[in-house]
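In what comes next, chain A is part of two complexes: it sits with chain B in the first one and with chain C in the second one.
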Partner chain A sequence: MPISSTATYIKPSKPKTKRSPLLLNALSMLLLALLILMSLSLGVADFSWSGLWQAITQQSQSDDLQLLLVSRLPRTVAIILTGASLSVAGMILQVVLKNRFVDPSMVGATQSAGLGLLLISLYFPASTLLGKMLFATLCAIAGMFVFMRLIKYLPATDILMVPLVGIVFGGIIEAVTTFMAFQTESLQMLSIWRFGDFSSVLAGRYELLYLTGGLAFIAYLLADKLTIVGLGDAIATNLGVNKQSLIWFVILTVAMISSVVVVTVGAIPFVGLVVPNIISRMMGDRLRRSLPAVALLGASMVLLCDIIGRSINYPFEIPIATVFGVFGAAIFLWLLLRKPKPQPPINEGT
Partner chain B sequence: MTAIFSAKHSSSAQTDADPQPSAVWTKPVCLSLLLAVVSCVLFISLNAHGNWDFVIPFRSQKLIALMIVGYSIGVSTLLFQSLTHNPILTPSLLGFDALYVLIQSVLIYFLGTVNIFTHQPLLKFGLELLLMVGASLLLFRLLFTRSEQSLSRLILVGIVFGVLFRSLSNLVARLISPEDFVIVQALSFAQFNTINTTMMWVSLAVCAISAVFVWRWRYQIDVLLLGRNYAINLGIDYQALTLKLLVIIALLVATATSFVGPVIFLGLLVCALTNRISRSMYHSERLVLVSLVSIICLVLGQALFEQVLGMAGVLAVVIELLGGIVFIALILKQYRKQLA
Partner chain C sequence: MFNLTSNSSTLSPSTAHTSISPFKKTKSLLLTLMVTSALAACSPQGSETEQNSATDTETAAETAQTQNNDNAQASIQANNARVTIDSVRGDVELPANPSPVVVYDMTLLQDLAALGITVDGAPSNLYLDNLKAAVSSDSPDVGTVFEPNLEALSALQPQAILIGSRMAPKFEELNKMAPTADMTLAADQTYEMGKQRLADLGKLFNKSEQAAKLQQEVDDAIAKAKEASAGKGNGLVISVAGNKISAAGEGSRLGFVHRVFGIPAADTTIEDSKHGQPVSFEYLQKVDPDWLFVLDRSAAIGQEGLAAKEVLDNPLLHQTKAWKNNHIVYLSPDAYLAFGGYYQWMTDAKTVTEAMSKAPKVAAD
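Now for the complex of A and B:
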């Protein structure tokens, strides 16, 4: 009976692709909650949960509550927002570019934002944080635009060429930035943005990051349309999706998220690359289903790396960019080097 | 990838009809030698204001260091490109000099900056070279043993290895004492105007010995350029030659990196220049030419930036900038060629 035999042949692979997102997200949520508790209780200053409890129940001002509200909680919130939004930015970028190996720092967005930030700090040092961020965003958009033009000349067959050219393109922008910083003796300022670090996050210094949360949410609202854009030009046109405006939306979102992150905490490599790859392996590229998981896992991973960075050389801190650089590079190498899946017999010999 | 090399090879052989194919003193070599001498004289004499007693020893030491760096980077890159049959690959693109910085940092982590090697820098350098050769052989094996490897995957893996090594060095730097941290940090930035000259004579010896060996193997490397199968059929001991070349490359990369820190694109830049101006693909000409071009770039560039433009530390950045642009241009050109 040929029909039933093919049916049984297909069956085992089905539950794999339909792994329940609910269960996965619940587990992710649990992990995140655990990490948040750890993050809140870890630090050099004395802090105890019992002291906090006393402060709340007895309605008295205490140092514990103060510490929680001014330092610990802002830091944790900033990390969660950064991790979630960078991962979402990476995911939508990957789906729209149809390339699993890119992230915001590989399309020139992060580096251009850094260049913009340097420019405005040099020429308009009095501008507000919001103004700086807006200018950085404009530069990030310009950088991504140049990059998009550049990769048009690359063949569609070789997907690894895009991240490769992207890394070198980012390097060129960074060289320009370093040159300008060197000439104006502002290398120190530059190294802060180039190197993500949450140690300076306090209440009042991270609130711009809420903007990235909003952007990630808008991306979630547009998830279905973005998924369709990722299916290809013909399908997008046939289904009546305005591809061009959605691509602009993605460029704008990625540019804004990366510039806000650069302005407030500095560049963190690989987050937008590693997290979407893990999630898409588990639950595919249907953004409506996968984006929440991407955001959750992104927040957990950045939080975990921050906790590691804070505890490995206690009481000193290791910047998150270093910790994530090691983990992210290792995971990316694994993605690149793992044996490709056995091809179906049709492709043999080509 | 051999297509670019071999296409140029055959066309130049047809058009030029060189009577002496492996001649060394061809026109480009003579011209660049002249230019190299001029840049050295400029480097010594610009803005000297007659203080020769101070200027000559001070600048000539720096000049020799720059020449060592230029030679090491140029020759190691050219050999690497011949070995991998590819005009885009360079050892530093694949993370070799980041590897050397990591080795240095790890040594400092385990031994501290003030250690048994304090009075024997030679021993320390020797140990570093030894580790570097071993580690880069391992890295090369890892990168090149997979048969289905595409060029873009290879370079990407190499670059990410570089990022990993840099992040690890940074991690090591954070785990050690603040005084040592400064030293490890200084290792990981390219600088041409503050050159570490303690190891000058040893490095000079490394360069000279490597030059003798490479010069003796130059015809074998010519054959290697034809591709693995041709080389084996023509009687080259492929495995042994590859190993020997890799050891030389590792030594030269370590030498250059110990002087100025990691420079990612200089090798690519000078090899691209050499391939443009060289008349043939014979190594007897190109090995000399690449060293000269590399020395001109560094010496003339440093003289220009330091004495004329008054921007001492900018050469490294300018080289990275130009090299990056050349890299993208090479890639785009290669694809246009494939499409045509």
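Now for the complex of A and C:
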């Protein structure tokens, strides 16, 4: 199990056994295209591709085209953006923290965003969606900043300490949020937000998510530098990479992606944890190489889970958070319990 | 959380003194963090407890005195009569005209308000104005509809406690304080059971005649709603919370639209769960009901923000018959919070009657 990225660096023989990214990405792309087609065809309202074709060829107004543009396409795009950006956020977080077991909901980002959302809804109920999102993002940044300070004091030898502290930290923030919600009788409102669900996505109600796509793309542009930061302080300094500013970039990116997702669709557990782990096992941690695969697989997995949630109780829905929770937990357990290759973690000291 | 506090507070001094290795340091840091947060969370309650215990003896003495007085009065009035009323856990015997009486349910409070009875203890944060008449102005805060404040209860020493569905899980705890009647209404029998509850409350507070009169008003209003809605097409009941939509089936608490007012359900396959089945806007377009009955759940629980009206204003909804004919009826918050209560029936029956009496009949197909 490649516990830290440094392991791949130290053992140059490793990448040889990794699968070819080109083939993998092509397959991933094919899978995603298939899922997109399914997602577009699946829904409660009547929709037919032939009707759509007629509408396009005959330049006539049709319900099929409207349905596609208003409901099916927005939902599919929202899912792809959410899945891809959450996975990318998880991946860069794992590489920079040199820890395979963290994701945005384990560093306090998701929980802080939720707290921010509650605070602004209680004190400025009239604020716009953008205002809410900005405040939630600020809170997520603050939460992550506190977490980064906290883990500075952790012993570098214990790989599980960071996620454990993250879980405790997130738990404390969540407890404070729940306590406040309880006192103000907004527990039900809170549970509605916290539960990731794409059923209400329509044209005009998800566009903020494009921001997450942009952030994920910027992360890809900075991929090489982020990989170097993941190799440790000494190497980063030697190669002239400004570690501090890159870490800030990661904090900002992860905080913004998690808060935009929480504000628009709710929290989806495990995405940022499971997807990067799977890809990292196959392709290693060279971000330039692995980030596209992470984004593709993240989008496919979330899309698949949403399709399942839409179809097993048709015409009613099962929220994505439930479906992904079940699948994600199973995959994560499998990743944990698979026989790890003995590899001493190498630490650069923080 | 409380266990954790006591554990960590006993541990933290020792770890704080010996924090040499980084691991120990982390541990103490974590512990301090936990303790501080735990303390912060508990402090308001803590101080309350102190205050209460300080005045406890005083209050107890006072209560004993008032109780004596009350008992004396009651014995003159009703010879300590006891009344048997219907409850979810079988018949319960309560003192007639109980005083002090604590009520933890909005449906019951509504009926009591209509009967002109004030209670001595009611939960805080009652969103509905129509039931506030039942709560005396100096009523102590005895908790919320979900969670009793046991200290306040014990200070009040009630003779009877009446609870509904939201407090039902705490029945045992409350029954130790005072005879408790669980007067929950089953979601699929809000009319029948609501009728029983109103009659029982009348019996309990010696106002049976007035209760019968109120029931007659309710029945009349419902009859009018039935008349107005006959032959006007089918309906779908949804609740809107935030930007999410759930469809409510016939057996849910919002299903009274079908069950009691007799409006045919546009979709009879909806399973009954507490908060309905999550649905998409495409579902609403496909089911295409003649009437859409909407509960704005966020507004009902006092949350500002995205109103149901804005959520429903979208191209898919615009295609439905209900939207085109302006047949969207907003149910009262009471339908969600105090389902089966007197004002709920009066309000919703009136809303439905007004909306549907103007509409032309729909040819049955």
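To be clear about the criterion, the second predicted complex is superposed on the first by the 323 of 350 C-alpha atoms of A that agree within 3 Å, B and C clash if a C-alpha of one lies under 4 Å from a C-alpha of the other, contacts with A are read in each partner's own complex, and residues count from 1 in each chain.
Here is the rule we go by: a contact is a pair of C-beta atoms (placed from the backbone, for glycine too) under 8 Å apart; a residue touches a chain by one contact, two chains touch by 3 or more.
A quick note: this is a predicted structure, and the numbers were derived from the prediction, not measured.
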Handout entry: When chain B and chain C are modelled together on chain A, clash or fit
Key = clash
Practice task
Considering only touches as defined above, state whether A:G325 meets chain B (first), chain C (second), both or neither.
Solution key: first
Problem - Contacts of A:S186 with chain B and chain C, given as first, second, both or neither - result: second
Exercise for the section: Have a look at where A:L333 lands relative to chain B and chain C in the superposition and call it first, second, both or neither. Expected result: first
Practice task
Would you sort A:A175 into first (chain B), second (chain C), both or neither based on which partner it touches?
Solution key: both
Practice task
Using the superposition on chain A described above, determine whether A:V165 touches chain B (first), chain C (second), both, or neither.
Solution key: both
Practice task
Once the structures are superposed on A, label A:P155 by its partner contacts, choosing first (chain B), second (chain C), both or neither.
Solution key: both
Exercise for the section: Look at A:G240 in the shared chain and tell me whether it touches chain B only, chain C only, both, or neither; answer first, second, both or neither. Expected result: neither
Exercise for the section: In the overlay, answer first, second, both or neither for which of chain B and chain C A:D63 touches. Expected result: second
Exercise for the section: Applying the touch criterion given at the start, work out whether A:P269 contacts chain B, chain C, both or neither, answering first, second, both or neither. Expected result: first
Problem - Clash with chain B (superposed arrangement) - responsible stretch of chain C out of 20-28, 110-118, 308-316 or 326-334 - result: 20-28
Handout entry: Doubly contacted residues of chain A, that is, touched by chain B and again by chain C
Key = 150, 153-155, 158, 161, 165, 168, 172, 175-176, 179, 313, 316, 318-319
Problem - Of all residues in chain C, those that touch chain A in their complex - result: 1, 21-23, 25-26, 29-30, 33-34, 37, 41, 125, 144, 241-245, 247, 270-271, 277-283, 285-286, 297-298, 301-305, 311, 314-316, 319
Fill in the blank from the handout: Contacts from chain A onto chain B in the complex sit at residues 101, 150, 153-155, 158, 160-161, 163-165, 167-169, 171-172, 175-176, 178-179, 182-183, 269, 312-313, 316, 318-319, 322-323, 325-326, 329-330, 332-333, 336-337, 340
Completion exercise
The chain A residues in contact with chain C across the complex are 43-46, 63, 66-67, 70-71, 121, 125-126, 150, 153-155, 158, 161, 165, 168, 172, 175-176, 179, 185-186, 188-189, 192-193, 197, 199-200, 202-205, 310, 313, 315-319
Completion exercise
The chain B residues in contact with chain A across the complex are 146, 148, 150, 152-153, 155-157, 159-161, 163-164, 166-168, 170-171, 174-175, 264, 311, 313-314, 317-318, 320-321, 324-325, 327-328, 331-332, 335-336, 338-339
